[in-house]
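Before anything else, here is the set of structures, which you'll find just below.
Below, chain A partners chain B and then partners chain C, in two separate complexes.
Moving on, here comes the complex of A and B:
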């Protein structure tokens, strides 16, 4: 991953809110995009996982329509919203922000269509990959401030 | 729902309300002055009054004539007292006075908010709003449902009592919210702590004063009234005291923790935990007793009010139960940790000269898990309350709390018993459906019978078993899934439960006995997905951006851009500078990403002419460049 760049500005006034920018991983449909996101840390971090939300438009099987990211590493060991993960892949207090970001990057590269945070996207990812790539491209161009193809 | 409705109500602004109140008050005062300027107003006003009052007035009149000569020389004090007596007797004036009192209360609240809190945060506003309407609702139920007041002056008295109480409650809630916020922010000026603590102390003092009022009222009004009022008072003081104690602990930590390099006070954990526990349980118990008292004492037993109180009671019982369960879990984990995991020796600590992986602070004492991972005592404990595995390697610790033992025992049993038990287990694990049944005819013949069933809808198919918590089964499932990524983990686990072997399950998959579950959402009935919003294409943006990157590519090669982006790596002390650097880096990131994207598409377009879409974009770009 030569061009993987992630920036996390920390807002000093709000210790529980980080902003990060994602660069879409190479060789995937989200390649080249810059996706702003925010990480919201709970008061009892690191015992509880932070929440992550993309602040730009996203179309991805594991991202809710409002931008919230649904990956197992961000789920507390107790709750199991989708009922499919083992506790071994969930949050643990030794996970770092870096690991979360890497997980999100790999999620962008390889969506997991089992956990349908966005069912439309999951279905399109499975059945109509061409259309999915087209939408991804449109979003990438939008985040870069370029006109649609 | 009513809150939403009330939000939409065009309530006047505070300024308008104050002006209206003041105008109303001055009108009524003017009216009162007009009336009382006539020395015989008392006779006029009470012509329709009761006999008793008339008698009183007659005696007044008998006093009045001798003093009539002095009437014009009367002191302002006498005039004023006349005015007040009139205004208290006149219903219209009384209402304006009450209105003015509320206005003053609101203004006082606003003033305190300005003085102590400054601008309220959104979450604080939301809390206050919720709490306010909740309070109003419950007190309404209390006054009209439980006490069942008959006379207007009783209502007014209760209302004024609850207004003051509610005011203090809201302030206490605000203090709590603000304290929680301040305790997480690193830099807070000292005087904001002092102001907040001052407010808390005055709330506490006022609640003491209200306790005295309770005693006085209870002396005349009877034990029940006393108990009702005192319960509220104690609730308020407990809440305030809790915040004050937490605050004290926090300030103590800051003062002592800051000096000695962030080392946590040895007994801090238990002390904080037990104060929390005691206060929470006290508050819940008092609330419970208060509600029980209301339920048992209320004048009408079968009413809407008692239903509401019952619901509240149920909630409170549940909360107390939850709290006690949590406490037992805490004790259990603590005990278990002390018995099974030794403190790491000094050599081990020296050898493993690492920070605690949970809080990233230096370890001076540590507990050692069987997997040789070291953690702070308190860090480990708070994690073990949530989950019983090593945070680093996820090794399942041999913690078997009573509940856990039961669950895993059941699972094992099912695994051994095989297919017959699978269905059974599935039903066990399905989220419980709540079923309420009310058979009215058992009480009174004409009461209806009804039942309500609350079912939990799931995203996944409801007959899908929940995942097994054993890592063994999971590991097996993962092996299978690596070979067949298209299968759902749950499907694989289901099959594994029956076969109990990876090989057999793989064979089953190859035979086609295990198939991926049908899509959970039937698309034919779904409406087509809404059209994605059109991208606002602004040519200005491109024109602005294009020369920019042109400029960049002329002056710097890509590596130098990378270097300049990485330059901001040092951590600046001033927050505004950090902000600025980050903003800069963000812009550069966007720029370089845009440049790279365009370059890639240029080369794509050059290689193949099969992508007319891109080409068109390129044309547009060249146009923008020139």
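Moving on, here comes the complex of A and C:
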């Protein structure tokens, strides 16, 4: 069984900004890394989805250069920057934060190279997996405070 | 101008852009403190040819949909742009620079860019711009239209369509059948909002129907949970929904029509009611999916349809939503269709078919308002 860890500090009230940490899924190139991210809740949550942004360096097809995560469940219907409209599950008020967190972990494990939030990463994931893994390893080590291999 | 593909990210000085039929431009981007140099090459048939070497001073004006560009020859710093709110190019995303580059390349190719030309690119990132414009429209609508408006006579419709013969005729027909109307905010939730307002308004002084509905509403949560909806999130909306129903149950001397109107114009309550009705609609569609499957276009499953078209807020409603909600609550709805069709009568559809309508709605393409006989 895969080991999965998401760390969220317990806070009494739903804060506007929520910090969390992800451990890279086992058996993937992000294994071992600890990736800090923040969840930003809009004033009309849960009618609109929160936004998620990694605060560490990331190199991933579905994460923008500034760390913002681009997966379908974080998009309200209508907001469709990457042409998701037809596919996949979108945000609705019954979705939970837990579902987002699981989706993010599964995104780390299985990038969707058809929606290039980071086109370089998507291209490399497709064409040069070896190089992609090398960059991922460097990022993983960086999140742990280790020098590059 | 919209590139098919943009490669490159800040720090990597290359954007490859599909400009037009078969012509690819590579813009090599060189960053200075506030300068982006763009060299345009044509790579048609593998012959790489330098077309233009230009430098642009880019200023991003917040919000970042607009970029002010000043073009000047390399090494010539005499042109200074007076833009106090400028951000430096290092704040630009690869996509923005890419699209910007594509546009500039196109202009350069046709010779439209000359030294000192000053222009504003609007729509540097089309998607962001469209989303932003949509939000602006939504904001304007929410500032000018109440969630549910005051009762008004049908003359206001008449005024709206002055000079439009087809619609005027239909408004006349409608005026013979209905006394007044109540407008709702056109935000994609109008069907649910109009329906619940009109129905609860009637329950204010219909004890028997109220008791039936309260029982059904109270049990609805368990039905949804049994269908696989997450209890934790459904509960939240159900609680608010029941709270409003209980207000209505206090009777008109304690909770008047005015109070109901206030509740429905309180975004918090109003939207939660909409959410819960969306869930009930979704539940009904999924419970009876074999029947509803036939009404869904494409190869989407009923569950997918619900996740994409029913449960998310602001998604508009169609026949199938109305059939499902009216069936789930056992409340008859008559929808009057007012469109550009030839008939002079405003056609009525009853949901469920053959039922006695409790709620009357006026449909104009894309929107529902409440009608009062």
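Heads up, the rule we're going with is that the second predicted complex is superposed on the first by the 137 of 149 C-alpha atoms of A that agree within 3 Å, B and C clash if a C-alpha of one lies under 4 Å from a C-alpha of the other, contacts with A are read in each partner's own complex, and residues count from 1 in each chain.
We adopt the following convention: contacts are C-beta pairs under 8 Å (C-beta built on N, C-alpha and C of every residue); 3 or more make two chains touch, one makes a residue touch a chain.
All values reported here derive from a predicted model rather than from experimental measurement.
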item	value
Fit or clash between chain C and chain B when superposed on chain A	clash
Most chain A residues touched (candidates chain B, chain C)	B
Which superposed partner A:64 touches (first chain B, second chain C, both, neither)	second
Chain B versus chain C as contact partner of A:93, first or second or both or neither	both
Partner chain in contact with A:76 - chain B first, chain C second, else both or neither	both
Chain B versus chain C as contact partner of A:43, first or second or both or neither	first
Touching partner for A:118 - first (chain B), second (chain C), both, neither	second
Offending stretch of chain B which, after superposing on A, collides with chain C (from 347-355, 419-427 or 581-589)	347-355
Chain B and chain C contact sites that coincide on chain A, given as residue numbers	44, 46-47, 76-78, 80, 92-94, 119-120, 123
Partner chain A, residues of chain B touching it in the complex	180, 184-186, 357-359, 379, 382-383, 386-387, 389, 391-392, 394, 458-460, 464, 466-467, 469, 471, 474, 488-490, 519-521, 523, 529, 532-533, 535, 537, 539, 541-542, 545, 565, 575, 578-579, 582-583, 585-586, 589-590, 593-594, 596-598, 600, 613-614, 616-617, 620
Interface residues, chain A side, partner chain B - complex	3, 5, 7, 9-13, 15-16, 21, 23, 32-34, 36, 43-44, 46-47, 57, 59, 76-78, 80, 82-88, 92-94, 114, 116, 119-120, 123, 135, 138, 140-142, 144-149
Footprint of chain A on chain C - complex, ascending	5-10, 12, 93-94, 127-128, 131, 134, 229-230, 232-234, 236-237, 267, 271, 275, 278-279, 307-309, 311-315
Chain A to chain C touching residues, read off their complex	44, 46-48, 64-66, 76-81, 89-96, 118-120, 123
